[in-house]
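Per-chain numbering from 1; labels A, B, C, D, E and F assigned in written order.
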Amino acid sequence: MLHSLKKALHNLFKRPQTLDYPANPIVKGENFRGLIGYSREDCIFCLKCEKACPPEAILFTPLPEEKKSQKKEKLYNYNPYLCIYCGECVRACPKPGEALWQSGDKPLVGTQADKINQKWEAVKSDYDNG
Amino acid sequence: MEKIKLEFDRIHAEIGKFYDKKTWHFMTLNGVALDENTLEVQWLFAKYESGEIVALYTVVDYGQTLPDISDIIPSAVISQREMVDMFGINVQSSEKGLYLDGDSKDHPLRKERS
Amino acid sequence: MSTTTKAVDMQIPLGAQHISLLEPVKFTFTTQNEKIVDVGSDVGFVHRGVEHACSSKFEFKQVGFVVARICGLCAITHSMCYTAGVEKLLDAQVTQKAKYLRTLLIELDRIHSHMLCLSHTCENAGFEAMFMSLMGDREPVMGLQEAITGNRVQFDYITIGGVTREFDAQTAQKIIQVLGQTQKKIEGYIEEFQNNWSLSKKFEGIGALSPEGAYEYNAIGPLARACGLQVDVRNGLDYLPYKEVGFTTITQTGGDIHARNMVRLYEILNSIKMCRNIVEGLPEGEIQTKVRGKPQGEVITRLEAPRGELMYYLKGENKKVLDRVRIKTPTFATIPAMIEIFKGQDYADAPAILASFDPCLSCTAK
Amino acid sequence: MAVLLNLIFFLPPVLAAAMLRLPPERRNYTAVAGVGILTLFAVMLFFLPFEVRFAFPEALHLLFWAADIAVIGFFAYAGLRHRSMPVLLLALAQMALYLGVAGSAPAEKTADIVLNETARYMFLIINGVGGAIIIYALHYIQSEAVQQRRKNGFIALLFFFVGVMNMIVAANSIELFFLLFELTTLCSYLLIKFRQDAQSVENAKRALWMNQLGGLAILAAMAASLTAYETIYFDTLLSRANGAAWLLPLAFLALAAFVKAALIPFNSWLLGAMVAPTPVSAILHSATMVKIAPFLILKISGGFDATLSFLVALVGSFVFMTASLFALSKDYFKEVLGYSTIGLLGLMIALAAIADPLAHKAALFLICFHAVAKGALFLQAGILEKHYGVKYISQIRGLADRNPLFVAMIALAFGALTLPPFGVFLGKFMAIELFSQQMQSHPLFSVVLLFSVLGSVVLTLLYFRLLSNFYAKSAQSAGEGTAVDKRYFFPAAGLLAVLLAGAVLSFGTLGITQVLLPLLLLGTAGALVLLFRAKHIDRTKTYHCGEKEQAVLANSYFDFESRYMKRAQVLALVLMAAIVAGGWYV
Amino acid sequence: MFKLKNFRKRSLWILHYNAGSCNGCDIEILACLGPTYDLERFGVLNRGNPKQSDMLLITGPVTYRSRERVVELFTQMPEPKVVVAVGSCTCTGGVFSGMYNVEDGVDKYIPVDVYIPGCAATPEYIIDGVLKGLELLEHKSKEIVKPKKLFKKLSFHKDHIDRRGIAGKVGENDGKD
Amino acid sequence: MFEIIFVLSAPLLGGMLQGIERQLRARMQNRMGPPLLQPFYDMFKLIEKRPMIVDEAHTVFAIMHFLTLWAVVAMLVLGDNLLYVIFLHLLATIFLVIAGYSVKSVYSHLGANRELWVLAVYEPVLILFAVAFYLLEGSFSLQSIYSGQAHLFALLPLFAAMVLVALIKLGKSPFDAAHAHQEIIGGVEIEYGGVFYEFLYMAKWVEYIFIYTLFWLFAGSNLLLGIVLLAGVFVLLNLIDNATARIKISDLLKVGLIWGVGLAFINIVGLLYV
């Protein structure tokens, strides 16, 4: 009991350990696993990432007719609310760091207005039809 | 991992003979669906000292009723209930409803499912 | 005509939602004067169907990330145990360095998990300050995990054939420093847990399991070791270098909440020592080896999770999807023991007893 | 005035005789009228500005003597008939001692009857509260499964009891007091036996022999008084014993009081009396029988020396604490009330034992208001039994939903036993102050204080626990919320009205705010509970951890009684022995 | 002049329910209550009691057995209230999406106001989400938000499972209390 | 005049006190803690919530609990009879207990039950507390206590007993079994929400004033000692709260009856001989 008493008294005259977020931002380590980044230019559309992703958070849907150009180009869809940030996709990608990479950025908090699930449903039906 | 096959009729007796609570640690009851109708049931034990693993097993079909071994190993109760839920096999004095609600007609780990 | 009040049973529910619970579980205590005479339980709230999904929906390479999500507290032990099994089925070799790094993370995880359990036990015993203090001291360890793996909770660190990352010298130094601090703090806690009058009222002699009972109910992990049983899977592992890094089995006698707490505290000290040894004696080499083929055959692997023995049974038939994944988690087998221990205790002690089991229902129900 | 006095003594027996004869309809009217007249007499006597004393003619003394012999003889007969050794032996001992004492009593020229202030208060209670109970009993007894003749007998007995009580509080002759004491014993014996089943007979026998012990103690007191002070009159005895060292007569009288008050270890007779119809319990607990005890102590405490006063107070406060504690272990509603009566009698005795006018006032307050509140509670207990079929506390749950008004009345009666500004609270309040005062001159009184503090807290706890049961929701509340029969309702309501009005009496001791504030708060609570109907506010279910099933609720329970009864009895007996020893040596 | 509104936004009592999560997000919520992140700075208290809570923190993909409890707890909370889904699996089902005993996210049952992604959602995200929730709470009218029906649109094995049809009446006072 | 203002603002002052306490507690736990006005933010929020009740009587009793406590504080501060104030305080407890029983909730019943048991511990101490002042001052009159000399040093054991009572009454560990959050989720208060919970919340504030005013009595008319004493008690209570776990109700009864009542009684007997 004495130990706790001393500690409480001691803490009273110490600066609290609280990180005053959001007043002071929290600095993340450089290899923090945040959002998946994607570059359309570098992608070769091998769809390895899509297959590797456990929760199917990356889906390639067919392009709208008019945009269809050369090779087997498809539309990259990524759902940060489904992603589990495991990094498997990046490990599966033949061009890691160029076509696909895991950034340190934090995903945004969504609200009802974002219609997260409705939008993803639409992507999924595109995917099923494609 | 050493596997020893048990005759269906002698499961309870054999386990009773085999199991010494200070030597063997009962890990769990395991089921492996072999095909649509048959199921391999394993009682998995590990030796406290060496970590050596022994599986007592038997092959049954879903119509059969497994004996209750919780009088020998009290902690088997919950594994048995899990078996009932997952495979829909009957185990003496174990009802359904550990994980799945009682009204579910589903047995997720049966072969025809996957 | 003597009409002294009769024993009337009152049923006190605990769960599914209750402030003292982290996870949904339902106990219904039948009590007389707040003494528990009977317990009903429902542990199936968290059942998601992971075993089924692992043998149907996911390929064996993905399963490691899925089973990690069986439980956030010992995610790393799940993925390790699974990966070890698959590596056996594939006959893959892993470098010594990768093995060391795997062990490091597992032990760091044990440190934070034990601290969490202790703080939760204290919170449930109504000791808010201790909860805060332990949570505060746990943060640096979480920071280490984030620095090494890039995430605080779900590490996704272990892949088939090795680990995903390694750390630089600066991080190594930080690890050593944080471990040193934590060690001092833990020594302080050991003293406090032994000497605090109110904690002795709450913990000593409460929720006790006898060594006989421990054998009877197949107790594992800290629960068994608090009864004096020498059960620790880490003793005989062939795929992790525990022997080299200074592992010792910690036991206590008494089997009550206090003994469990002490086991956890001393294990933290042991883990700190192992981590230090690992960081200081990290071998050179690659962290990842290429693995080919598809799993074939049957295997059982075991690992000591913070809560006790974790077991995976894998069966592959040379296909991308495994034929059967059977997960036996630590808490699973001890639920009958828990129910037995509750009987005869005060309802007021129930939350603390529950927390001292450090139950993991999310893995129990999978 | 002596006429009025004689009327109040002899009207009840006359009424009793009438009860036996009259047909039911007319019986009821006569009874109600009789009660009215008696109460009127009591009130008139209460405002009498002077003390009345007179002696009975010699012939009447002879009659008393004969009556004594007859009563003791009847006890002996009862002992023989029930084959009860204690009863028979005690009767024989009483007979022997009585003949000896009566034979050697000197001829004295003193008043047999003295009407002093205490007696006036007692008249009020006996006739007012007793009367209300009799009226209540008129209807109650009709539902018993016995012949009409016995029902009439029951009412007659109650009237007779009231008469005896009236006389006993005014008796100055110890011999007369003994006769009346024995008569109350007889009445209670007959009343407890009323239902005539094995249990009733058993309990009646127990009540009989225990009370005979009290009678024996009075005879012993008379003998002691004769040898040392050569008198069998209270006033003479007190004046002669004042300052004297040898107080054995007073010690014996105190013992008699303890028995009558059913203090532990004699508690079983009063609790056993529960087998009788509820009006019996009501009348025993409130207006008659047990009230003799504090009354007797009040009467004789003027002669106590400091030690005796302390010892008696110690016994009283000890019983106050233990009886309250034992009450917690009980589930049978009437038994809980019974134990709480015993406890409060202990407190009254403790207060009465202090020779201080303020203490006497406090004791009187307690006696009066306890009588009213307990009377009301027993009447309500009767309603619970007859109307709702509820006997046990554990069955009471949820009654507040069915009949809020009735429950509010019970709540008020309980409140009157604990809360400011009611009389019983006032008694306790004064007790603590008095004991603190006594402590300063007699430090041992601190123990008495501690016992009474603990006792009063435990008692409060008991009442809250009981009361909260009425408001407790439970899964199993059965029955309909019908209105209570008026014939039950009015006597109880009348007593409550008296209680409320009685709060006014506390004005002298408490300030205006002190009286009005709690009344206001209670009133607001009551009014809100009855009136607050929040139609526009949404309802939710109770929280059940997110589950939907029903809760199974129960109270905690205790077993102090079986665990500590033996020890308490032994301790109390030791203390009582100390009183006798103290009377002898000091 | 002060407005009641100015005060409300700084007090937030939370109720936490685990609807089948892996504990990962739950322990991060605990960490937020701990001294390092100290949610109490924003007036957050963990009440554990729906009647006194303004915010429901839900974790987990909602297992079949949890769904009625979620709705029950939600309805016991008085308006204004916000629901925060913590973690990827709560928002959409995460890795568990499509497993036979999960319902793929809470917004199938109750209206979710804030979605916090992450697996596990770190304390930083959770604080972001909670502050967002605070903001929303301020704007929320007192209108009553009804929970949705108990159903799952994409039933994994339609022919095997008929228990989805049983949508009990949840949350409303049945008059027995 | 001062007294009247004090009485009228008692809930507010109590709220302030709670605000300070929450900050102090947070700092003792090495964290920043809520703003000082947090209790009032909570209050305004609670008022704004949609009212929901379980049962009318249940609601009424909570309101009465608050009102009665306030009245008790008024009687205490305005200098009534100390013993009377302590008995009147019982009335407030009755309302709370009945409120606890008047809903069909297990936790509420458990809380009410425990509320009764702790009463058995603190009530004797409080009465003995009053008696001690009677012995020293010759009456229970608060007026004379306020204007009399400081009795702290004559009443040190009783002071210790009162600390115990304060821990119980203010719900601080180790003696907060009556509304243990992790067991019975606040006990009696569990079924209240919105405005109606606000009454109980404010009752707690008033309870602060009640308890600290009782401590003030130890200092008599000595203002300086009074302030030091209150500050000391305030910190002491929180230190104890931060260094202990909650003990069970059965242990609480034992400890409270032996130490609380024991110390108070010894002190009183001691007063007679000194």
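As a convention for this text, contacts are C-beta pairs under 8 Å (C-beta built on N, C-alpha and C of every residue); 3 or more make two chains touch, one makes a residue touch a chain.
Since this is a predicted model, take the numbers as computed values, not measurements.
Listed by label, the chains that touch subunit D and also subunit E are C, F.
With respect to subunit F, maximal separation of chain centres occurs for B (centres as means of Cα atoms). Closest to the protein's overall CA centre, chain by chain, comes F.
C-beta contact counts were set side by side for A-F and C-D; C-D has more.
Chain centres here are Cα averages; for subunit C and subunit F they lie 42 Å apart. Centroids built from CA atoms put subunit E at 38 Å from subunit B. Look at where the CA atoms of subunit A average out and do the same for subunit C: the two points lie 28 Å apart. Chain geometry summary: the mean Cα position of subunit B and that of subunit F are 58 Å apart. Shared contact sites, meaning residues of subunit C that touch two or more other chains, fall at 10-11, 13, 16-20, 34, 44, 47, 49, 52, 65-66, 69, 129-130, 132-133, 136, 139, 151, 154, 196-198. Of all residues in subunit F, those that touch two or more other chains are 26, 28-33, 50-52, 54-55, 103-104, 106-107, 109, 181, 185, 190-191, 193, 242-244.
For subunit B, residues touching at least two other chains, in rising order: 99-100, 108, 113. Taken as a contact graph, the chains fit none of the simple arrangements: neither line, ring, star nor complete graph. Chains touching one another, given as pairs, are A-C, A-E, A-F, B-C, B-E, C-D, C-E, C-F, D-E, D-F, E-F. On the side of subunit E, the complex with subunit B involves touching residues 64-65, 100-101, 157, 160-163, 166. Contacts from subunit A toward subunit E in the complex involve residues 16-22, 26, 54-56, 79-86, 106-112, 114, 116-117, 120. Touching subunit F in their complex are the following residues of subunit A: 1, 4-5, 8-9, 11-12, 14, 16-18, 20. If you check the complex, the residues on subunit D that touch subunit E are 473, 539-543, 546-548, 550. Contact residues on subunit C toward subunit F in their complex (touch as defined above): 10-13, 18-20, 34, 122-130, 132-133, 136, 196-199, 201-202, 346-351.
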